[in-house]
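For reference, the structures are reproduced in the following blocks.
In the two complexes below, chain A is the common chain; its partner is chain B in one and chain C in the other.
Moving on, here comes the complex of A and B:
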């Protein structure tokens, strides 16, 4: 297992290197002059050249890339062309919001998706099965921004149950320690903030989870259908084991292997900054800042943000692969 | 253990978990806050709050920092931090008398030395200061002198009738900030972690991606504001921001979607403010490359566009039929110029095309030497209101006169590159006359070789008039110069003004004292909440 993990970590570094190169080249070859874009309309050509030099864009491309890599290894992703703040601190200010939303979404997706998939499999071809699979398909097919706006209209406008935007009501003070508001409000014992944060995260998390829920439900269903037809399940039932125990003690672990793969991929996508959801709900995560930075050609910010997301994506999938060995003892890595 | 195999402990766990979930999710929450707190929904977040900021900062800065001279709601100059000003007979020296007894939010005194530092710093002439992105507006300044504690003398390299307009247009460049705080925080952190000016509200903090807060300045020189706090909430999505206004989550929306205005006007809980702004959307045509290099073709295209129909059916409440090249309150605008805007006339458009050699081959497409007239109109996707919609409308009008017109939607960086390279056949874009003076718009759009002149236009007479208009101090002469300049540009059909944009702001009924400024910038000094 140790050797396997080491091999995978080396592969992770290689992936990050390739990703960084691709991002670097795409950004630098896309039309648009970052120096000119960062200045106003009355800026002179001399101003633009001066700012270009300050940005380090007058160096050859290979020099710029190597400089970026050297600094990245030391955890220095440079300074944003626009905010003039270190990219890492800018990202760390926004990343907890994305992480919190992603975690909440995946919890919802897992809770609803796995349970729905299990019930659908156990009650195959029932009304519940057909209905849930149609809803799952709708969840995957409907545009996220549309779902978000509809939910806002229903729960925020019509019923007034949830707020429209943000992570926390502006009137509430919360001491931010980790940037994860739910966690921070628990450890600071701020119940008002906890309730408010949960109200704020409910709709965006549910909206973001619709695609994942649909996918997880369908995967769980098909995987469970396969597992419950196995001989050992029939044996367990024949021995008089209760249905819940059959499902949760005997079948679920094997059912989860493909589901865990899907969850890993989905979580990575969620962390990628669900731009549309963040925009609709004004959720201050990194998705929005990535889009804005691309449009502005804020190279350090784009490179830093995408590298961070790539790292997390690959790391999560590594953890998923390692977890297989714990879910299914038959799987062993050299 | 029951038939489902659930133990008592498991059941108990689920019951308690369910109770906790229900108690943590109240369906009604009564959170109260200070009465005089205004929550403003903003469509964009500034990158910084200083001279290197993006345009969004212009909506935040007036809350906390001030200009020397303020263009009022009619774009007329009003004393602000400067109480009076004189121009020397040769038009090169400006003497400003400053307001006495004003302090920055930190207590540092406002005086001539502070103004001198600000202006020289904005020009990039001082270490530790930020050269403003729009410093070109004041680059005519040769020297700034603090003649005494409350008198500033500004000497220009050459006379300029546009100087006062340019010098009081950009909050990011010429608003007066505290030199002491800038030194203390450093130029990279000032404008992010701190802001200090002389305005009615002090900087209260910035949560990235979320809110920017300002607090009452009790010692404000023009009287204590009624509001205790202003919270700008960043809500980029138009629909979400509108819902927040309608639900009362925000008190003011700085940019209402145009198609909702009629409905919102009927809402008894809201006030809708619509006022003409200094921004105009134009249709530009390349004068050097492609089929539009021929003046007759450009004139034909201009006559093919039904501006009244576009404003009525496409633009709606957010715009008005143009009265000239610029919004009427901009210095240099003249409603007499409206008659020089090409009138909708399809027959004339076809005739002009025919005179240019483009004839209908019978299939509805005009051709010359066997080649169809093919052009592309470029637009961005609602970077400014209705830019894309107007481009689509123009595309349809041109098709009706036999032009094979394609459309290309591009993003901002690509757009600016295209302008610089004059590579677009035609494009739509809106320009805001933020200075309140014709020099800004005409100089940026029609000046030969300028990077924002995407048409390649270089009519020598117009170039001469641009320089003359900038230099001339006499008001009457300047007005005549700009009239002639705009008339020629309309006759050359390099651009067609399509609509003067309106600023559309929505507030809850209990927000009192708000007025819309043509620049679109909010001023909250006299605003209060009366619930």
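Moving on, here comes the complex of A and C:
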């Protein structure tokens, strides 16, 4: 187990190294002169020359990349052209918002997806089965931003039940400890803030979860269909075990093993989907800042945000792989 | 080359017959066919010019004159959506076509030769897939900049790795079979084995993945358009239309509703065909149907 984990971690480090190289190169060759961009439109050619020297932009590419890596290891991702603040601290301030949104979405997607998948499999070819699979297919085909905007129109504009944007109403006071507002309001016992946060997160989280719910439902369904036909399930039924116990005690555990692997992939979808969802709901997270920074040509910010998200994604997949190998020992020997 | 072509043709004919039995896939095929017809006939179907602004009639709700209303510049939304099908279909089909050629070639080579070449190609694929969802597309678009051709190239590059991975897996399983052994025993050279024996047997799966990927290519191009990173206005791309209508959607939700609906129909059509094809080619699922 230890050896397997070690092997996986070293593979991960290599992938991250190359991902960082790709992101570095993209930002390097992206249109626009970083020196001019960081100074703004009022800069004189002399200023630009001077800053170019300071930023080391005349150095060979490989030197620049090594410098970039060295700085990144120390947690220095450069300074935002726009806010003039260190990129890392800006991103760290935004990160809890994205984390909260992604976790809320995966919880919604897992609960709806697994329940629907199980019922569909147990009642195969029923109306429920067909209907839920059609909805799942629709969910995969609908653009997230469209779902988001339609929900926003119905719930915020027509009925006024939920706020249009943001994470917390301005008039509400919440002491931020972790930056995860739901968590913070629970541990500080601030019920007004909790209610307000939940109202804010409901639509974005549900919108984002639609990407994954359908996939998880379809996956659970086919996994359950396979498990329910196994010999040990027949044995359990033959012994006279009740249907509920057969499903929940015997079948469910083995159904969910393959579902664990898709959860890792789903996080990738959710992190990417967060870019769109956060833009629709003006959710102040990493995804939102990526789009804003691209349009502002704030490349250090884009670079840092892409690196951070790729790192999280790769790390989550590693965790999923290791836990999968732990649950199902056959994987380790492949 | 004749025999290869015949094998492919037979496989296509067989799959078409099987596909027609699948009701959802047939619906999908009709949806896509309709879209193609709309794209071709757009100049005759569209009631108004899709680009010309009519500032006197901004944000009109749907009416007889403008069945889907007008956008913030008074342009007819229906006409823009009809013309937009050309753009989305072209992007979807061309980008996936390009990705398919490159991805399939790399997959065939990696799977057949194995060893260092395989390791090299697959590491690159792994790295491209290490970017969550379409963030790779965003990264490429930063480099290339917005615009019609750049979006096609972006989505093509973004889609290559999945094709490579799928085809390599297929080749690995086909490589062991007797017909390849036989071909080798006959002294066929490597490129013949790859293109005349392995490729035709991978075609069905490639078509399944290709169709599903066209749907997702249309989706990604609309996402890029929506984020303001894709095709530039005033081109009537559906994602761009939705994005520019966002500011007014409180009072004029139709500006947002119709383009999104068009995206859904296009993506759903390709997904239905893809799903249907998968049922046809996935024997495990087929067994399920027979039972």
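Everything below uses one rule, namely that the second predicted complex is superposed on the first by the 303 of 334 C-alpha atoms of A that agree within 3 Å, B and C clash if a C-alpha of one lies under 4 Å from a C-alpha of the other, contacts with A are read in each partner's own complex, and residues count from 1 in each chain.
One rule holds in what follows: a contact is a pair of C-beta atoms (placed from the backbone, for glycine too) under 8 Å apart; a residue touches a chain by one contact, two chains touch by 3 or more.
It should be emphasised that the depicted structure is a prediction, and the values quoted were computed from it without experimental measurement.
Upon superposition of the two complexes on chain A, a steric clash is found between chain B and chain C. By the touch criterion stated above, A:269 is placed in contact with chain C alone, chain B being left untouched.
Of the two partner chains placed by superposition, A:110 touches none, neither chain B nor chain C.
Residue contacts after overlaying the shared chain place A:282 against chain B, while chain C stays out of touching range.
In the superposition on chain A, contact of A:122 is made with neither chain B nor chain C.
In the superposition on chain A, A:245 contacts chain B only, with no contact to chain C.
In the superposition on chain A, contact of A:295 is made with both chain B and chain C. Looking at the superposition, the partner that touches the larger set of chain A residues, chain B or chain C, turns out to be B. Contacts of A:308 after superposition: neither chain B nor chain C is touched.
Once chain A of one complex is fitted onto chain A of the other, the partner contacts of A:32 are limited to chain B, with no touch recorded for chain C. Judged by the touch definition given at the top, the superposed model places A:99 against neither chain B nor chain C. Once the complexes are superposed on chain A, the part of chain B occupying the same space as chain C corresponds, among 115-123, 187-195, 205-213 or 313-321, to 313-321. Chain A uses residues 30-31, 149, 153, 157, 279, 295 to touch chain B in one structure and chain C in the other. Those residues of chain B that touch chain A in the complex are listed here as 1-6, 24-29, 31-33, 37, 39, 47-48, 52, 54, 131-137, 139, 170, 172-173, 187-188, 192, 207-211, 213, 231, 233-237, 239-241, 243-244, 246-247, 249, 411-414, 416-417, 420, 444, 451-452. Chain C contributes residues 126-127, 130-135, 138-140, 142-143, 145, 215, 219, 222-223, 226-229, 239, 242, 246, 249-250, 253, 256-257, 260-261, 263-264, 267-268, 271-272, 275, 288 to its touches with chain A in the complex. Taken in their complex, chain A has these residues touching chain B: 30-33, 36-45, 47, 79, 82-85, 90, 93-94, 97, 149, 152-153, 156-157, 159-161, 163-167, 169-172, 192, 194-196, 198-199, 202, 241-246, 248-249, 279-282, 284-285, 288-289, 295-297. Chain A contributes residues 15-16, 18-19, 22-23, 26-27, 29-31, 137-138, 140-146, 149-150, 153, 157, 225, 267-269, 271-273, 275-276, 279, 290-291, 294-295, 302, 306, 309-310, 313-314 to its touches with chain C in the complex.
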